[in-house]
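Note that chain A is present in both complexes that follow, paired respectively with chain B and with chain C.
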Partner chain A sequence: MDPRMCRKISSSESLPEDENVEYEVSNIMAPQESEENFLIEGSPEPNSVTWLDDDQIDELDLNLDQTNLLFHRVDSADIIYRSKKKKCKMVGKYVMGDVLGEGSYGKVKEMLDSESLCRRAVKILKKRKLRRIPNGEQNVQREIQLLRILRHKNVIELVDVMYNDEKQKMYLVMEFCVGVLQDMLEASPGKKFPQKQAHNYFTQLLDGLEYLHGQGVVHKDIKPGNLLLTLDQTLKITDFGVAEALDMFSPEDTCYTGQGSPAFQPPEIANGAEQFSGTKVDIWSSGVTLYNMTTGRYPYEGDNVYRLLEAIGRGEPAPPPPALGPALGALLTHMLKRDPALRPSVHQIKRHAWVQAQPPLEPGERFIQPRSRRSDELHTSTVIPYLVERHYASAQEYFTERDLRNDMGEGGSRTMSTAELSDGESTQQKRRWHSSCGRLPSCRLT
Partner chain B sequence: MPLFGKSQKSPAELVRSLKDAVTALERGDKKAEKAQEDVSKNLVLIKNMLYGTSDAEPQTDIIVAQLAQELYNTNLLLLLIQNLSRIDFEGKKDVAQVFNNVLRRQIGTRSPTVEYICTKPEILFTLMSGYEHQEIASNCGTMLRECARYEALAKIMLYSDDFYNFFRYVEVSTFDIASDAFSTFKELLTRHKMLCAEFLEANYDKVFSHYQRLLNSENYVTRRQSLKLLGELLLDRHNFSIMTRYITNPDNLKLMMNMLKEKSRNIQFEAFHVFKVCVIN
Partner chain C sequence: MLNPDINDYQLTSIITECCGGIAVVYSALYKPTDRNVALKRYFVDKSKEKATLIQQDIMIRKELQHPNILPYLTSFVHGKELYVVSPLMTFGSCRDILDRYFHEGLPELACALILRDVLLALQYLHRQLYVHRSVRASHVLIGADGLARLSGLRSAASMMSRGRRRTLHLLPPPDHDNANLMWLSPELLEQNLKGYDERSDIYSLGVVCCELANGAVPFAEVPTTLMLTEKVRGSRPQLLDCSTFPEPSLDDEMKSMYNTDSGVGDTAEGEARLRRVYAARKLSDSFHHLSDMALQRDPEKRPSATQLLNHAFFRQVRRSDCLPGLIGRVKPIKPDPNDMSALLLQQKMSDMEIEKIEDWDF
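And now, the complex of A and B:
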């Protein structure tokens, strides 16, 4: 049985506010014997379960066995959830949509600019959570400062920054991207891309890196998790939380601090060197990224962070598999040289045979996976249901526990919820929901 | 396919008939009109071969390779560009499309067309002088920018004497030509960072004496654009030594301070970017 379900049933009057669970349980009241489902509207507060007292149960006049009153067996198809009411919310001139992702600092949500009708993403930072992260506030300030200056097609653009002093929240409005490279990798078979696709992303990463290094910015945390993709397959480098701007007048690129992700750290940081060349750190981590994209593995692996850093520090990488071909193999070994001085610069990589050549077409290009059961292959804006709710009839979707579990069982792939509902009205409502979507063609285009 | 009977022509024939038509056009006798028609027709056929049409796929690699080989052998690309002003409007666009497609063609890591143009730099110089003729300027511009993407070709253009003509082209009175020329100019100076850094360092005096004229130009757009580009160039770390050299000259600081006094806010803003570099040091 789904653990979430257990919690829902066993909890007493009011549930703790769990923000992960977007669904509220309308009512659970369906013994095995009865063929009907009951749905009671108007629970006193959202996110709470309405419990019926004995009198009410008697009123329902169910032919229940007295022995069965203690433990009901509830069929998963008989637990009906109602999707949370989509209440349209505006922050500044932006209409809020669904959650795209979540990090330690807060959430990332989709938004729609109500003036330009551009899709945007917003990173919501909570002061309270930020204080708990070491260097959290400084990192955010630095990220904002850097992103304000940077403007390149392969670097994420910061559109707007808003503060809400009452809620102690900060909103960073950024370009909208549909997916993270990391998620795509994890969803694809073998956790790797065909060479053609990896080549496409890697050349874009190089363009972005060349620009960043040209502006004297060292990212220091290049990894698939920090590379986003837009709808037209443009790669965007994001997360400048640990990036560093070099002094404009120093001819070298020496850095003193490194705080990126362990698996992507070069030996000099793993060994705890006092100072190191900044740009070569990015070269190393893009090397690891390329290795990861093409093989689905990491050049260094370890059971835990210490083992991993030790392995990196010793510097014996797993050699690139020969299946990759000689050109890519040579590039990878060159980029993952232990001595930073021997690693190539971005320009040298750009001139490398593998980067210059067009890899042959291979079947099986991976696409960006839909995020959840309610998003679709076309990545339609999640703001639209909120707008529909605001301007048209109130529409609600019903689905059962079984659907939910089926969805999760299939690894998040989308199966149109086939909610077998007892009342015909809700199916009708669902249809109206879809038809009213069609009335907003302009929103779909954005 | 009966509708496209003509596309059955082999690439060699197609190129030959196009060449005949272009030479007839060049002679410019009475049959010029007929020749122009032929040129446009053949160009459309070649374009369809490379790009395909709405109901026909592009031709196979072998045919395209043959076509490219014929184009090199007959020197047709140069001929077409030289006579671009005589070809009709649609034809000019077709020439640009065919040129760009052939240029992008790759065999493994090699780009044969780039190698071919390296041996025939006249093509580039003819394209660059295209900015002098209003009617072909924008077509030449698209072809030039495509060329500038390749380091070898960009190098030829940068180190040629014709490059300094750009300082004139960006100031011509026709706005669209001037801005087209400026975007090509910018592309050349910013696309290949290392190449540009080397070039600027080697030709510092010559380039910046020309550049000074742009910064003092009467034309508001030129002044603003060139100031913006200067800021970008100096702030790029690849051009570190150029920046140090630029800011050691007190005249430049004086110029920037005068720019800060300008009426236009945008110029003030761009000048500040350069000014801050001078002052921080």
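And now, the complex of A and C:
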């Protein structure tokens, strides 16, 4: 993180080195030597203030360290912070929010459609970064082409594509999702879902796949990391970077290239087959995905990519644990047949006993909630603070350490929801909300 | 059941164009029984997604039966267009009434009669676990009997999913100009995991309170994103009278929020006149209370439709009160022989009949 985001000023008081801290020191008033420090709160006289830039503050810190026998006493009202501006940025008709995730190609941010007020996610692609990735630009082009035609409840919708030639950036505007199955798995006990929950996601994955295969599209990179959830728990298949549209006039579904993620690759690709059935690749990967969601493990594991691919290419998969029950075990074994021709089609899977009957929630099992690393539990819009900055620019920009402590004293450490703040209608509370944008509780004060 | 055949309907006038130009509403005479009906003609070709919404509108209306919900009579396809037949609502929508005859808002008693009917419709809808999601004056239609009927069910959503009640999370399907957003509740607009339920309609009803009483739609003059932040921060629109709209000094915020968006507000003179009207009148405390209750930021605190029906505000309604008498200046929709476009269309349709080929011989 940028060290300037928050800086330690006096040795006794400090703000945590936390990413969420949104304050930067704007100035320090020259510490007074005397014990009776009777500075009046409010606007200090100009000549009593020494304005320091960041370098000078660095020096100041250094000085303090060198002469660490002498502590300057700084009154909490003398430490003035400036709220880090939530500068509202627009791209086209969209208002930018916070970062949702980061990939090798660039960032994914939240956005708000300023006309429809619909929450969106945007994949920001930098040409410079894209060039460094093998087939990067090509994959993006293919993804855009495919997503433009595809429209299904369980396939991510590409809403808009924008270019900024000056900045060499491309913006892919997508449906807003609250979480990735992969992240949820990693955060859950045993890195797996209850069968009931996995069943819900798997049946939605099947619906999406059925549509894709019906449209002659092979995804080739099905894995929990490419399955997203919307606010209403609808599963969305995403990332069509290595997907392929099959030749509509060919009776076969032959593919020639595979670039998916190693752990989810079928034996035929691991063995470097020159051509293979495309749809059966998706069946295998979906099988590994289901295996992973229900056991927390993979049918093949390896210390590194080469070992892993060798294991997939040569060996038999680890049999599904008996604890899964016979129905799920049989389904997984069927989907993970080494011979692609023996793997079931989506239609066959849909008729399977485990898919047909919804498994119950076992005692002790709990649903795993979508949690992203950055947002709050309710996944409240991160765009609103930027809008507040835009529409109420007169918001208090400077506030002191004392204000901060008083606020903390009142609000305690609990998160104040916007609803709570707005129902108590004092203007003071509103003012504080301006300056803190709900971020205050993340500050830990000694 | 009416016949689904265009030849049984004689178009009499154009009522309005709606849904962003994809639909036109005509008044028509159903020839077999001489009944007045409204014919809504959709140009379905223009958008495939809209077609599913129209379908949903029809499906929901078929399922629901309530005196305060616009009934569905029949529908049919003729040429490239889809026709949906409903009973004729002689006095049109409340929005039309406001725009044409009551710029400064309807009399309080008229508001009470209309709001009571809308609440009865909502009470019924909510019991069927539907959230209407576009409660607004343009979706409240007034019939010759003076009853208000709720329409616009294409944005309604069921809270039932796989036999269980659930909360909703997504915005309703967008309308052509996103105007619908002005009536939507803060929790709906927030689109977070907490979601929203039928109490979101109660908020919209609160906005309709202001719309009916003030004539203007709250938030109509502010940017959409500012409307969002205002709602999320809990600022509530108000009924405008001498208690909320003091004559001499208006702060800018009030000014911008309550300018009328059509007609009168365009001229400074009209605006000044409106302000004088607001400042001179006094709406009852119970009306203010009702709208305040409905517009609360926290959905948990909002009363249900049933609770609102028992609100003191509705005690002013007497059995003898009837809406047409209170809104006497509103002219009912009548066949207009001079309506050239309707006649032209009639002509066009008969032309099509001539082209109609009865017997295909393959």
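Everything below uses one rule, namely that the second predicted complex is superposed on the first by the 298 of 446 C-alpha atoms of A that agree within 3 Å, B and C clash if a C-alpha of one lies under 4 Å from a C-alpha of the other, contacts with A are read in each partner's own complex, and residues count from 1 in each chain.
Note that in this section a residue touches a chain if its C-beta (ideal position, glycine included) is under 8 Å from a C-beta of that chain, and two chains touch if they have at least 3 such contacts.
These figures come from a predicted structure and were not determined experimentally.
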{"item": "Which partner reaches more residues of chain A (counting touched residues only), chain B or chain C", "value": "C"}
{"item": "Partner chain in contact with A:Gln138 - chain B first, chain C second, else both or neither", "value": "neither"}
{"item": "Touching partner for A:Leu246 - first (chain B), second (chain C), both, neither", "value": "first"}
{"item": "Touched partner set for A:Asn164, first chain B, second chain C, both or neither", "value": "neither"}
{"item": "Touched partner set for A:Ser114, first chain B, second chain C, both or neither", "value": "second"}
{"item": "Chain B versus chain C as contact partner of A:Thr254, first or second or both or neither", "value": "neither"}
{"item": "Contacts of A:Gly216 with chain B and chain C, given as first, second, both or neither", "value": "first"}
{"item": "Which superposed partner A:Ala353 touches (first chain B, second chain C, both, neither)", "value": "first"}
{"item": "Partner chain B, residues of chain A touching it in the complex", "value": "210, 213-216, 246, 248-249, 251, 347, 351, 353, 356-358"}
{"item": "Contacting residues of chain A [partner chain C, same complex]", "value": "95, 112, 114-119, 176, 178, 230-232, 369-370, 377-381, 384, 387-388, 390-392, 418-419, 421-423, 425, 430, 433"}
{"item": "Residues of chain C touching chain A in the complex", "value": "166, 168-171, 174, 178, 181, 186, 189-195, 223-226, 228-229, 232-235, 296-298, 301"}
{"item": "Residue ranges of chain B in contact with chain A within the complex", "value": "106, 108-109, 151, 193-194, 235-238, 240, 244, 277, 280-281"}
